Amino acid sequence: MNKVKILFFATIKDRAGQKSLELDIPSQTTVLALKEKLGVEFPNLKDSLKSVLISINQEYSFDDAVIPQGAEIALFPPVSGG
Amino acid sequence: MNKVKILFFATIKDRAGQKSLELDIPSQTTVLALKEKLGVEFPNLKDSLKSVLISINQEYSFDDAVIPQGAEIALFPPVSGG
Amino acid sequence: MQHFPTIFSITESEIDLNDLLAKITLPSAGAAAIFTGMVRGVTARDNPHETKYLEYEAYIPMAEAKMRQVADEIRERWSVVEGIAIVQRIGKLYPQTPTVLIACTAAHRDTGVFEAARYGIDRLKEIVPVWKKEVGPNGEEWIEGAHIPKAGE
Amino acid sequence: MQHFPTIFSITESEIDLNDLLAKITLPSAGAAAIFTGMVRGVTARDNPHETKYLEYEAYIPMAEAKMRQVADEIRERWSVVEGIAIVQRIGKLYPQTPTVLIACTAAHRDTGVFEAARYGIDRLKEIVPVWKKEVGPNGEEWIEGAHIPKAGE
């Protein structure tokens, strides 16, 4: 198993109703599989997950990526700083 | 006659050896005629006068212009601010 | 190039332009191009509206890493750029307050230093994980960006 | 347009970027492009040399009139520009000191506000009557500009 930290920001945080969580996921879980799992756990997130941005260890990541051990994963909408 | 004020800046001031002077010139004197007069009065200025910039009452002026009554005239090299 | 100063930070404090400019001005610098963004209280374009304040949030460690990447991208494209400062202020920010700054210094102004600063703010708004919620007379709304980063961005 | 702030001055005091930016930031402004020039202590391009300090001199009333003209020219070309600040510091100025500032504000950054600031500094260096004498290890020399104004400039 792989214990990962998940962070939510902006609209994703509001819809999830929390800022972060820790999760045990199987080794070799992909980003896509994690998103599906989160869609089940947080039904409010379901619509957002199609267009959400994902980072793993503070680099942008994508559906095919395999989540490394102990990763810090963040989910957020397209950025709007400035 | 026309009493005018003449100001010198930068290299022109250094070569003239003074910052300003007042001068009585005939009515209808042109910029070109004034430059010739100054070339006689300030021999060190002679070479500079070919490329000097001239302003009358704080607007750029040129050889053909007739100097108005009581004008403030300035002579200076191309500007180098910034 | 290692001696050229690069400043990047997410801060809750006022953005001090004088201080940041001094920090990126080497003895060889003769020109600085600086961009600042401010909170608009009144917006006329697109969807005209008023803003009471913006509330900024950042994923701080990633935001600072991506600011460093923006600086690296600037140096790759404009090797003449000397100092770079990139600062994003977060928290609750009211109209007329500077929220973001990008500053680049170079020996001369005709070296691309303006384009470098412009590139910097454009990239910040694409890849640096910061979000703002707009609070106006009719309630609040998260502003969403438009850029979808590609692999390696 | 009369309500848009235009600041222009020749000063012997430090240039305060924070203060100037605040003065030209209306509630409708979301973007500022700012150029500052600094005294270079070390110049590599063209004729490499060192500078101990620059001594600036201005024909103050004409310089301020020409700064106003630069601001007018900016507004003619970029009608979206809101506030404009143009400041030239004079006197004895040492390396790394800001000597000149041009700042333009606008609602958005894609409105030409960068180009407006660039135009402003280019024009200042053409028509605003300010001169500098450079003092270096081998003596002093007046810097001469290259622009010859035409009638009406």
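Note that the chains take the letters A, B, C and D in the order they are written out, and that residue 1 is the start of every chain.
As a working rule, a residue touches a chain if its C-beta (ideal position, glycine included) is under 8 Å from a C-beta of that chain, and two chains touch if they have at least 3 such contacts.
Everything numeric in this text was worked out from a predicted model, so none of it was measured.
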Item to check | Reaching subunit D from subunit A through chains that touch each other, fewest steps | outcome: 2
Checklist outcome for this item: Looking at Cα centroids only, farthest away from subunit C lies chain B
Checklist entry - So what's the Cα centroid distance for subunit C and subunit D, whole Å? => result 23
Next on the checklist: Centroid of subunit B to centroid of subunit C, CA atoms only: how many Å?
Outcome noted: 49
Next on the checklist: On a C-alpha centroid basis, what's the spacing between subunit A and subunit C, in Å?
Outcome noted: 26
Item to check | For subunit B, residues that touch 2 or more chains besides their own | outcome: none
Next on the checklist: I need the residues of subunit D touching at least two other chains; which ones are they?
Outcome noted: 37, 121
Checklist entry - Pairwise, which chains touch? => result A-C, B-D, C-D
Checklist outcome for this item: Within the complex, subunit D is touched by subunit C residues 16-18, 21-22, 25-45, 95-96, 98, 105, 107-109, 114, 117-118, 121
Checklist entry - What residues of subunit D sit close enough to touch subunit B in their complex? => result 37, 56-59, 61-63, 65, 88, 99-100, 121, 124-133, 142-151, 153
Item to check | subunit C-facing residues of subunit A, complex | outcome: 7, 9-11, 14, 53, 55, 58-60, 62, 74, 76-82
